[in-house]
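Here is the structure we will look at.
Going by the order they are written in, the chains are A, B, C, D and E; count residues from 1 in each one.
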Amino acid sequence: MLVYVFRRLVNVVFMLLVVAAVTFGIFFMVPKLTGSDPALLYVGKIADKAAVEGIRHKMGLDKSIIEQFWLFLKGIFVGRDFNAGVDVTHCSAPCLGYSFKTEREVWPLLLDRVGVDFSLAVGASILWVVLGTGTGVVSALRRGTLLDRITMTGALAGVSLPMYFTGLVALAVFANNLGWFPNNYTDFADDPLLWFEGLVLPWITLAFLFAATYARLSRATLLDVLGEDYIRTARAKGLAEPVVIGKHAMRSTLTPILTIFGMDLGGLLGGAVLTEKTFNLRGLGYEAVTSIASSDLPVIMGVTLFAAFFIIMANLLVDMLYAVVDPRVRLG
Amino acid sequence: MSINDKPFLSVRDLKVHFPTDDGLVKSVNGLSFDLEKGKTLGIVGESGSGKSVTSLSIMGLHRAGGKRGAPQISGEIWLDGEDLVAAGPDRVRKLRGQKMAMIFQDPLTAMHPYYTVGAQIVEGYRAHHPGVSKREARKRAIEMLDRVGIPQPDKRVDNYPHEFSGGMRQRAMIAMALVNDPSLLIADEPTTALDVTVQAQILDLIRDLQKEFGSAVIIITHDLGVVAELADDILVMYGGKPVERGPAATLFESPEHPYTWGLLGSMPRLDRELQDRLTPVKGTPPSLINVPSGCAFHPRCPYAELTGGRSTTEVPVLAEAAPQHHAACHLPIAERHRIFADEIAPRL
Amino acid sequence: MTDSQTAAPQTATVPAPAPASDREPLLRVTGLTRHFPVTKGLFKRQVGAVRAVDGIDFSVNAGETLGVVGESGCGKSTMGRLVTRLDEPTGGKIEFEGADITHLGVGAMRPYRRDIQMIFQDPYSSLNPRHTIGTIVGAPFRLQKVATEHGVKKAVQDLLELCGLSPEHYNRYPHEFSGGQRQRIGIARALALKPKMIIADEPVSALDVSIQAQVVNLLDDLQQELGLTYLIIAHDLSVVRHVSDRVAVMYLGKVVEIAERDSLYASPMHPYTNALMSAVPVPDPRRKERRERILLTGDVPSPLNPPSGCRFRTRCWKAQDICASQEPPLTAAKAGHQVACHFPENSATE
Amino acid sequence: MTTPTETTGPAAGAEPEANSAAAVAKKIEGRSPGRIAWDRLKRDKVALAGGAVVILLILAAIFAPVLTALFGHPVDQPHPDQINPDLGLPKGSFGGINSDFLLGVDPTFGRDVFSRILYGARISLLVAFLAATVSVLIGVVMGIMAGYFGGWVDSVISRVMDVLLAFPQLLFSIALVSVMPNSLLGLNDTGVRVLVLVVVIGFFGWPYIGRIVRGQALSLREREFVDAARSLGAGKAHILFRELLPNLVAPILVYATLIIPTNILNEAALSFLGAGVRPPTPSWGQMLSDAVAIYQSDPTYMVVPGLAIFITVLAFNLFGDGLRDALDPKGN
Amino acid sequence: GGHKGGTTGDSAGAKGAAGFNAAVDKVVNASDKKGGTLNLWSSTDVDSLDPGRAYYASVWNFERFYARTLLAFDGKPGKDGLKLVPDLASAQPEISADGKTYTFKLKSGLKYEDGSVITSKDIKYGIERVFAQDVISGGPTYLINELDQGQGYKGPYTDTDPNKLGLKSVATPDDSTIVFTLAKPNSDFPYLLAMGSASPVPQKLDTGAKYGDKPVSSGPYKFKSVDPGKGYELVRNENWDPASDPFRKALPDSVKLTITTNADDMDSRLLAGTADLDWGQTGLSQAAQAKVLQDKALKDNTDDAYNGFIRYVSIVPKVAPFDNIHCRNAVLYAADTTALQTARGGSVAGSLFGSMLPPNILGSDDYDPYGLTKGKPNLDKAKDELKQCGKPDGFKTTVAVRGNKAKEVNSAVALQTALKAINIDVTVDQYDGKLISSVIGAPDVVHSKNYGLIVMGWGADYPTGSGYLQPLVDGRFITSNGNNNFSEINDPAINGLFDQAAAEKDPAKAADLYKQVNHKVVDGAYYLPIVADKALNYRNPRLTNVYITDAFGEVDFQALGVSDGK
């Protein structure tokens, strides 16, 4: 097990390296290919040649891409200095880069933003798992009934609705017209109640989308599982139906759901761009979109890596949980 | 079979029909038999002849009526004086695992991969012995594993099914089935997935356990050799119907139905002289949606013409051909005996 | 699932002398091995090997049928795949008509494929469900670019008829046929190129008893008609007896006994063969009480870590010290009967 | 292991089903597997309705110029007379819907929303279909190679898929779209955008189908018909494309129909985030994005494109679900 | 480019009650009541709090809370706010006869927030920082142009001078005297010294690029917290001496600037009274605007003032066929200015305007030879011009527009539609808005991409004719990147008029010269003005001393107070 975890962690590092390299390559090469100069983005309106050179030097853009990448990687572990003559900008480890646009280190910025996504993702995921698998299971058990058909139609509608549309409608109705919820986010630390109220709509909107997928998936999985021989065996033992479903069928049903849950949660922690934009939440996704709009490469880079990290870690976690749930999976 | 008492298990005119998109699948279409405690009934027949459906009907394991994929079941299944078809699902569930138990063909898929063998046995035990503590139930599980010949049962009890070999899995399945001392044990192709050497072990085990518990056993298989090893009585099914039924010895000695002849003739046998050629049953098994009219076997029966057309129009009934030996065939008994003696027996 | 056990050090295997035969056999296999590596870790370090086939020798003469029996996992299928060159041997040699085909590539092997054909076990998975019967049976012609006199269609229809199918089935799909019919389609395909040799891996074990006999008879007829040579792999001893001229018994990747059919069934010499035969249930209820049966205990050991010396010794009631230390070579105990046992039964020398 | 196309049951019960199938086949001469699926699909009214809507939508998109000429106004023509000059909002309630403007006009310009929705459909469907093609092409080739060859080929391809799945796609797409030049390879701005959308959406979509195809190929290669072909001297190309591919058609088809609605949502999301085609070329996501600013005063302008997306995606999903059920009777 | 400024009104300093446009030229709710917290809200973050790096008008306005300069715009409504008054300086500068030397004396007792004394060296140091464009980037660079004078000074961080005061054109004979020596006279020079980039920075507290995280205050307020992206809080600076300050009232006890991402939320807070003022002063969102305009009571709390920007389309003569003035004329005549105005948000967002000098700048007039303010295209004339241009069947051209500015894209699309009427086929090319200086700001790129038309807007960095027009029309301001003279006008007559004006000490005379420049530019058909920009802003009724100063085209933040003391 330990060996496995170690190996997987090596794997995680490798994947992150690849993601970093690709992101780095694209964002630092594309401007070159399209003929625009990233250094130009950081100088004032009229670009003095020497100033551009200075910026280029300070940001390390005058070095080869390999060297830049190396400096970037090194920065993550030991921190990094950006020098321009006497003026030294220090970025302490883990240095995911430094935004010259906002004069901030990327890492604290990300840590700052991730709280929103964390609040969003955790709340929504609890909701959707409970709602989604709940309705899926009930649908599967009541297969073919009116209830089944209604919930499954609802679920199909759920996966077909763009979430920003649902979100806007929810905002229009519940926040603006009825005024039940505020349409802004408050930090938990500032006011837990407002935090909760502000997140209710995003949670529901996000959960609705995911719940629909989970309902469909859990219904299909449960139906498959119910056809398994071992369920028949459980019945043959004379177990009561609730035990058969609740214990034998559910355990197998939840395992595949665990997998996509990991992916989804990981994805959300790394930024829920659409939700954040719709509900004006300042999370990683929003940060990324704004930094894209302002070509703030270090921040884009940081968010991408951060998000990839979440996805990969979530996958690792899921795999390990899987091994706990399913004794046939041997790690090692 | 005793005549005075009501038999322990008695199936009367069982019909199990599945409505499907393509039509009504008449998987079992009028099956009757009796079985006493301590006796073994072998059910043989080709794939799709309705053997498994019959056993699942007895166990009440088909989907409840009204649901999709649920069969229409009619007839009576009397177990120890109780009609299982008429009884409520709750009652049947109580009997299941306690009074009647079942062993399935593929023990790997029939056991839950996520629970230990022990846990699965314990669960079955405690379901019917609510007062029993976990510790006691575990002891019972170890005892059962020991009984079915699993070495080091106190260690193996905590293994998962995938950690067992095929033979051990089937033994564990048997332990699971017998944990509540059921009076009826149904084994649906318990050895088909196993090697001959292991099959021999399992068959021995079943036989020994039956002697020990004195329960009634139904063994379902398509291997005539297996039934010959175990069964007291044999029931041959074809297209959802019984075509021949009788004590094992007589059935093998003087089979009455041309289908049974066909089965015997198509098997190469180690215990006989080497035949030059096998005598297969021609054609393919019947569709259960469009069962051939009259005798379902007539399209494949080499002697169908000898019935003067009755076989295509008239459904033959199971009639006594010899004491306790019944067959459903339009051929006159004498004719059958003649054909068997002249044409079939020499080739076997 | 991997087995966590590591392989024990290999003991040297003593190759059995090639069977004495005056004419050159159609197929000769010597010292054939196939080890599947078991790897572990990031760098795919090999930690052991499944010795599926571990040094076997036999030959098949033109026109005869060699049956191969053995318990599940003893390497029968692997052996079949090696001989048909669907798998790459780890060692040993396969000669077909005197030519070494052991390591031929796809292209070099192609011409030989006309002469060596296969019949598969599962009539469901051996026919591509998306192809019509015409395509399936016609594939050999197209793949081997063999010209047919009256076109591929006619040739295919002739083949279908030969195998007891209706030529009208040309445009049908496999799912429209029963298992027995499908097996016939598979046979028709194998016969298309008029092969010299046919290797059949469990050709009837997936079929119903009543259908089994049809196929067995068909194979018989075709052999007679076309002068085919068969290598038939099966686990059903009775079927093997019925179809074979000679029979090889395999255990854990080794041939433990190989003999003329009658000699083998009448007086098996290897304890394993004996046990195998006695375990076969016999459809005769009266014999069940009389028969003394040899009940083997336990399961077949893992091919990942086979027992030292004689592989059967762990389940053998006759095993002695020598069996653990020394591997018995496959030797001719009497004419046309080779056995690999230190203490063979029914043997004159005992 | 089963392919969804096969009509056989589990191994033990396989024989009877084939027989009944054979019996049915005797009545209906030589039904191909595709034919059987079609017969099944014909019975699924909901899926057919979805299919009909899909076809209508495609026709509407193709004949958008004709339809706007008949029932609307030229797509870019402003109608200042329909706009309240102080507010920049449509005159009249419900977004200015009247007999002349069936779906109202857009704010600021007073362009005909009906025409813009139709032209938006062109972009949506074009991007969705082309991207699906890209995903399917790459996914099938990669998946089939990974599945069939196994070994290091599989390792490399699987790892690439892992990395791709670990990328925060949406972020990455926006970033990538935003650095693209306005003209490329002789395409105009809209052309470039469409191309980039197709490449980005298609490229991030392929690992999903790649995984499915890989899994299928992995199990298919264990089928004996592959060995049969090899034993006849078939080369790799023959096995991959003649033996395996036809068996993959069903899952590919199903996946393609189900990836199209996902692509539509993705395109709309990217447009919503400002990374889609640029005005004046209309697209649904862009209209929704415009609507965000004014949804309180002109809700109609939000609802119309929202519903357009919803209906289209729903129709595709319904059809895709039906197709899957038809091709894989065990799927449900 | 540029910040903002401007209004229509002509009355000065009058006090008034609330009402629509009441704060445009009057002080609304004049009061001296101290205390409370001023709650400013913004939907965009500050670009930088470092006075050397900021370019947003709102930051320049905001800097008046914490950064004093030698001279500063007076705290008065409307045009009166354009006047420079001595702030750190004890009096207006002494200007040498040749107009090249400016000598300032500092007031005594000036202190930073930490109690240390503000010296003339600090002012010099602050100015020097701007020269380090690789560190202190983003702010206005006029001072470099004026003061470098060929020295090639690279800022204090690489300065070899022991005191880091190596800029030769600025002398600090003692701690309270500072002398600027220009290469040639420039009557606008005082305006450059009124920019935050000329505010004092204590060298020992300078943190270089990160100075914006904690600017050292010389004004009435100092930073209590700086939380980029979230908010900023100012509290009273006890070391500020009100007696030394010519106009700052410093009424509230603290000033909070809250950054929200949610413009709707901000607007609803404004209307609900929980926010005081939109710090960005960019106008209410469309939804809130609709609500406010339909409700008299709400409307009375709004002002729709000019913000000093003109939105226009540059026509580039270097790109054929615009080398022919008739083709340029055709565009001007064919333009549907009402549609263009609507595209920018209607009359609330700007008035139709005929020339290129915004109303808040001296010299502006109603010159409109093309009849643009009529709001209708003159197609006959346009076609006629086309014929004279030799393109009676029209032609093709490309309009460049920032892709991230919806209003500009809308304008381009409206122009495209309008020009279709005379068969001018316009392609809208949206470029990345971040890359202004290297796309439309690079003449080579403009030529190679055939940008015949460029949509832009401009507001003056300082409120004079040259502050507004010179970057746009003076041929000597054409640069290879960061260019703003998109039309590449290089008319010696125009250039000469600017020089004349720079030497002119009388503002009125200078204004007349700028008027001539403006007319010349309009006549040359280099620009199609779309609107003179306006923004409808809401003010919380509890605010006191509300007025819009033409210096920024915004409410003067530093003057504000709250009436309820909260």
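Simple rule for what comes next: a residue touches a chain if its C-beta (ideal position, glycine included) is under 8 Å from a C-beta of that chain, and two chains touch if they have at least 3 such contacts.
Each chain and its UniProt protein: A = ABC transporter permease; B = Peptide/nickel transport system ATP-binding protein; C = Oligopeptide/dipeptide ABC transporter ATP-binding protein; D = Peptide/nickel transport system permease protein.
These numbers come from a predicted model, not from an experiment.
A.B. asks: Measuring centre to centre, with centres taken as mean CA positions, what chain is farthest from chain E?
C.D. replies: Here the answer is chain B, farthest from chain E.
A.B. asks: Looking only at C-beta pairs that count as contacts, which pair of chains has more of them, A-E or D-E?
C.D. replies: A-E
A.B. asks: Per the centroid of Cα atoms for each chain, what is the distance between chain D and chain E, given in Å?
C.D. replies: Chain D and chain E have C-alpha centres separated by 48 Å.
A.B. asks: Per the centroid of Cα atoms for each chain, what is the distance between chain B and chain E, given in Å?
C.D. replies: The answer is 94 Å.
A.B. asks: List the centre-to-centre spacing of chain B and chain C in whole Å, with centres computed as mean CA coordinates.
C.D. replies: 32
A.B. asks: How big is the gap, in whole Å, between where the Cα atoms of chain B centre and where those of chain D centre?
C.D. replies: 51
A.B. asks: Which residues of chain C are in contact with two or more other chains?
C.D. replies: 1, 178, 181, 208
A.B. asks: Going through chain B residue by residue, note those that touch at least 2 other chains and give them in order.
C.D. replies: 46-47, 106, 162, 284-285
A.B. asks: Spell out, as numbers or ranges, the residues of chain D touching 2 or more other chains.
C.D. replies: 14-15, 19, 22, 178-179, 274, 295-296
A.B. asks: What residues of chain D sit close enough to touch chain A in their complex?
C.D. replies: So the residues of chain D in touch with chain A come to 159, 162-163, 165-168, 170-172, 174-176, 178-181, 261, 265, 268-269, 272-274, 285, 288, 291-292, 295-296, 299, 302-303, 306, 309-310, 313-314, 317-318, 321, 331-332.
A.B. asks: Would you tell me which residues of chain A are touching chain B in their complex?
C.D. replies: Those in contact with chain B are residues 143-144, 228-230, 232-241, 243, 248, 251-252, 325-328.
A.B. asks: Which chain E residues qualify as touching chain A in the complex?
C.D. replies: Chain E reaches chain A through residues 1, 45, 48, 55, 132-135, 137-141, 144, 154, 157-158, 208-210, 212-213, 228-229, 260-262, 264-265, 268, 404, 432, 434-438, 441, 479, 481-484.
A.B. asks: Flag every residue of chain B that touches chain A in the complex, lowest number first.
C.D. replies: Counting only chain B, the residues touching chain A are 56, 59, 61, 67-68, 93-98, 101-102, 104, 106, 109-114, 120, 123-124, 127-128, 160, 162, 173, 176-177.
A.B. asks: Please output the residues of chain E touching chain D within their complex, sorted ascending.
C.D. replies: Result: residues 263-264, 285-287, 289-291, 293, 338-339, 342-343, 345-348, 403-404, 406, 409-410, 413-414, 416-417, 427-432 of chain E touch chain D.
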